[in-house]
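Naming follows writing order (A, B, C and D), and every chain is counted from residue 1.
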Amino acid sequence: MSFSSTKPARKWPVAVLGATGAVGQTFIRLLQGHPWFEVAEVAASERSAGKRYAEAARWIEGTLPPDVAALTVAPCDPAQVRSQIVFSALDSNVAGEVEAAFARAGRLVLSNAKNYRMDADVPLVIPEVNAPHLGLLAHQRHARGFAAGGGIVTNANCAATVAAMALAPLHEAFGLDKVFVTTMQAISGAGYPGVPSLDILGNVIPYIGDEEPKIEREMHKMLGQLTETSITPADFAVSAQANRVATENGHLICLSIGFRRRVTADEAAATLRHWQGCEAARGLPSSPEHPIVVTDVADRPQTRRDVMLGRGMTVTVGRIRPDPILDVKLVALGHNTIRGAAGGSILNAEVLAAQGAFDSA
Amino acid sequence: MSFSSTKPARKWPVAVLGATGAVGQTFIRLLQGHPWFEVAEVAASERSAGKRYAEAARWIEGTLPPDVAALTVAPCDPAQVRSQIVFSALDSNVAGEVEAAFARAGRLVLSNAKNYRMDADVPLVIPEVNAPHLGLLAHQRHARGFAAGGGIVTNANCAATVAAMALAPLHEAFGLDKVFVTTMQAISGAGYPGVPSLDILGNVIPYIGDEEPKIEREMHKMLGQLTETSITPADFAVSAQANRVATENGHLICLSIGFRRRVTADEAAATLRHWQGCEAARGLPSSPEHPIVVTDVADRPQTRRDVMLGRGMTVTVGRIRPDPILDVKLVALGHNTIRGAAGGSILNAEVLAAQGAFDSA
Amino acid sequence: MSFSSTKPARKWPVAVLGATGAVGQTFIRLLQGHPWFEVAEVAASERSAGKRYAEAARWIEGTLPPDVAALTVAPCDPAQVRSQIVFSALDSNVAGEVEAAFARAGRLVLSNAKNYRMDADVPLVIPEVNAPHLGLLAHQRHARGFAAGGGIVTNANCAATVAAMALAPLHEAFGLDKVFVTTMQAISGAGYPGVPSLDILGNVIPYIGDEEPKIEREMHKMLGQLTETSITPADFAVSAQANRVATENGHLICLSIGFRRRVTADEAAATLRHWQGCEAARGLPSSPEHPIVVTDVADRPQTRRDVMLGRGMTVTVGRIRPDPILDVKLVALGHNTIRGAAGGSILNAEVLAAQGAFDSA
Amino acid sequence: MSFSSTKPARKWPVAVLGATGAVGQTFIRLLQGHPWFEVAEVAASERSAGKRYAEAARWIEGTLPPDVAALTVAPCDPAQVRSQIVFSALDSNVAGEVEAAFARAGRLVLSNAKNYRMDADVPLVIPEVNAPHLGLLAHQRHARGFAAGGGIVTNANCAATVAAMALAPLHEAFGLDKVFVTTMQAISGAGYPGVPSLDILGNVIPYIGDEEPKIEREMHKMLGQLTETSITPADFAVSAQANRVATENGHLICLSIGFRRRVTADEAAATLRHWQGCEAARGLPSSPEHPIVVTDVADRPQTRRDVMLGRGMTVTVGRIRPDPILDVKLVALGHNTIRGAAGGSILNAEVLAAQGAFDSA
């Protein structure tokens, strides 16, 4: 990943929890050469702790950055990890306790896990969509008794993220009423080893465990309204069907959308085309030039060909056309492990950094 | 394909038009060992006419039946093709004229082409769903001045066929109101050479030319009501999104369905489970034991694993569950080149044969 | 699988050890409707023992036969499993002890595991190639102190099996001197869950752990000569390179072959074409009509299109042509989980049954 | 593609012949942002001539550079194309005449077509391997009566290129005697539309038309010795087997190698590790940092994961180990459309530019 912003005098050291797994590796890959953040610490399970990272991790894609290779893996314990900025790639079976422990110790945890996403005082954030939700942190810290600087910020399920980005401009402009969502999701969404090849080669699996409810509820929260102490979920109906297909990266999503008033396909297209998202999310190292790109090519977006647009941070929307039942149909594509996971967490951290949330590096 | 029925004393000779292409080859493969029909003639373009079939066709899958290999390819001219039963695998750019010529000459044409599907006097038939529509033939013959025995029977677009089969029992029982259809269609649906591998390997293409309108209008006709001289289309709204995925055979379809009254997922499942389809379609050589099979396994049907159920003639339905916006969501899978093309045509011919439409063989 | 032979009055009951795994499931699938054998007992690890098979196994492909679904899983203990004929799909980490225990108890174990393959007194058998090696059983029984009827018969690594079948006729006719073997092996060869999809989608992995030495040594043994108490390995040099590719079933193998005298491609082709293999292997329920089929089509055999020839028991050989360095180059394809695993074991048992090795059923 | 070298004051204008096809598009993609060359002209068949490039070409991968999109397509006629540097992506059925016409007119043609590759006076060049062969140009120009500056330089078949790069260091050091080559080649090697998806999904095709003889003869020429007026081919034996597999980009090649003296795997590895290739090929804009990278990871190189090393210009070699029959076995991987096609041509042009072959830009 190459970054657009200028390099500060010094970088913030960051820690990656769950650093040896697939999501952890994506964090490390995306943070390589980051102008603001530097992977100073890697932490993982007791089994890996004490080993050099290069030995503890079976590196999956590309080349392991040498600086990180040489780090010693720490246990996931705030007493042994010092960075204030903590990216969590932990599995949900351990994320609950560990992330809370770090937050209590005054660390800002940017989490990919599902554990806290739906908690009333925890922001679930796509910066272009709902950066103001980060305002919940002050209340969260107080309510949970976290030390100064501590807190948990989550990003959403990867499919929910892509869908929410495509819908946010339309919800802002017209008010969503009903949304049908059918996803075709890449294998990398299941982590590593993840989907057995015998299950997916030349196949479609029309089921991903717990994915449909996540899509439905997480979109409501992200597109909801911030009050002082919580988020009022957006009030529209969602019906989701999730499918696994034999693509490597990128969730492609077919949407049928009804609004509170009649909206034409041209109106929807113009709205998506001009949307820039929250001011707070612009011009940061991981910000894409355009959070949403609209294509007019009849057979785009396509997963393999368009997934890396904006270095994996842009959502591409195409086939915007009238829906015979509701108002508008369209297709959206986003990168599940970049925009929908590690890249999204990093952008969340950048927003907080730009807002002065961290001690000067 | 192995067949369930007993062999008659003699078989009807049949002709295959467009015999060298992918659909023509599927006809030949499925008719191998057929108890009632025997491929006696193969016809194709002038370029192929006069050659032995084995030389004219580049055989794609499995082994070319030796009897057919030895046939001489005839031109697509009713003067040079004598069978009364004519399976047409012609491209739509020639099917219009050629099929009409055969019908005028008193041949019964069972067509895969789209040309006549939407004509008022032409039956568009899935036997289990709407075998009575074959009753249009008498009117068609008269209106078009076809010789005795002549006529055109079409089968639908492959995706429309699979969706219509899953919906037919529900429409009969409850009355459809609104249907959202998102397809994930196999590459064999595009014929051969069809989809370039560079377009589909590790990719999804969210567009298939003219597929969505076909799905929408053909379902209305098939689920419509026969009058004396035409079909009154069914009156429900359809919104379709068609995608090409990297599967070999089998169209997997996600459906969200609203009825004219509240219907629970259990009611829908019970209805699908007990449906047997039109009496006229039962017990024929190509009839599957069950036209629809309902699965309770959470992640089924899957394209590669379930597509050959009922020798490719069964549609498998799974994931029947409540829809948060309409009534019921479900997933349906059917074989696009068997049930959705050549196999469907053959079953149409069997229905007619069983009704005495053809001279005794 | 449909079988060619007539059904005996009664069937032999057989047990499958390791019945819940991928290879065990293949045994059960292939034995469905077998005219001589009936799956009477299924055994697996302690974790599964006591459960109904349908609950203990996550059935992967096709439909679980209802008779087997209802069986209670036994532990892998000869005291609790009574069949004399025992198919072993055990992992190599437990196969050593368990298979010996069954053999000691007078059971005939047909094993897919690698543990005993290279033992001097254990036959490693492809019936068409070296059925006489089964003669080692008497010596094995005596030497190891197995009860009457007890013994272990192994079949080879799946890639070694396919290569050995293609080479056996040539070795018999001309004497092999040097063989270069490059394999392209299907994912099912790694079992289930086996190869992660992220590792193989759009990829080739030029390495399969321990596969190359197995190919080299097991071919020597199978093509070797039986003495009274052991096998003298064949004396030719083998260099193997093993690759994993994104195919479901079927190992495709490129071979360059040098003989002890000059051999032309035509001689090699004629030899392969006329080969029928050992008399003992003919006409059995699982015997293919032709153990080897030679194709003249320039671009065949192809994995997906030819793998099921002879119900997965035929090896297809093509592209037989002169080698610029040695004598002959060719391509061979065989089904790895049928011919190269469970199907091979079953054929071994059929040979023994036909030779009267088992009490009358 | 990002380039390592500094930008000269002005760039050389270049033309791309056959600019609308797959190889032509690769040239345009790779030349985007090139520090020395600028696509000033695009030429194609009469059918495309006169149109804007954006209309004439169906752009396949990524985003069409706007500068090129706006160009008007010229016919492939030296009277209407003025650049001295001409990249030819023409099909072999027209390349013969057109390339000669451009060379006669004093243009330096860098060709991907096979037509002139084996002509005695035409250099077939991989710069790191045999840059001195470019010395043939003077003789070629004289012998063929080309105008000053005119000439034809070819690059090899993509599989031959990858194999030759891996073999060149070993041939230089030890002298090759015998080489067995088995390739697993990506679908992009067949151009677009190229391989039908029905042919390759879940399949291996053990045949690529005319590929094996090309590999055998082109390696001999590239590894041969330059005399004043021709190349003396290298004197070693090659046996090649070419396979098509379902990968997008990258030809993976298994090699078994015998030398004129005993060579150990360690010697071979050390030689490959230290090789830098011809001085003339270093430090150019398209030069990779290392033309060959040796990996010690047991299961690498892998096609999808390693193909982009060195921006597609590096060949990765792994699994260097003793061969039981010859001396050494290894696996090599290179990018077929970058290193093995357009990227190789561009590097050839850079060598010539660096040697002062072109008028100052």
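Assume a residue touches a chain if its C-beta (ideal position, glycine included) is under 8 Å from a C-beta of that chain, and two chains touch if they have at least 3 such contacts.
Keep in mind the model is a prediction, meaning the values are calculated, not measured.
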{"item": "Mutual neighbours - chains that touch chain A and chain C alike", "value": "B, D"}
{"item": "Chain at maximum distance from chain D, centres defined as averaged CA atoms", "value": "B"}
{"item": "Mean-CA-position distance for chain D and chain B (Å)", "value": "48"}
{"item": "Euclidean distance of C-alpha centroids - chain A vs chain D, Å", "value": "40"}
{"item": "Whole-Å gap separating chain C and chain D, where each centre is the average of the chain's CA atoms", "value": "43"}
{"item": "Sites on chain A at which at least two other chains make contact", "value": "201-202, 246-248, 304-305"}
{"item": "Pairwise touch network: line, ring, star, complete, or other", "value": "complete"}
{"item": "Contacting residues of chain A [partner chain D, same complex]", "value": "61-62, 201-202, 248, 304-305"}
{"item": "Contact set on chain A toward chain B in their complex", "value": "178, 180, 182, 184, 201-207, 216, 237-239, 241, 243, 245-248, 252, 254, 256, 298-305, 318-319, 323-326, 329, 331"}
{"item": "For the chain C and chain A complex, residues of the former touching the latter", "value": "60, 187-188, 192-202, 246-248"}
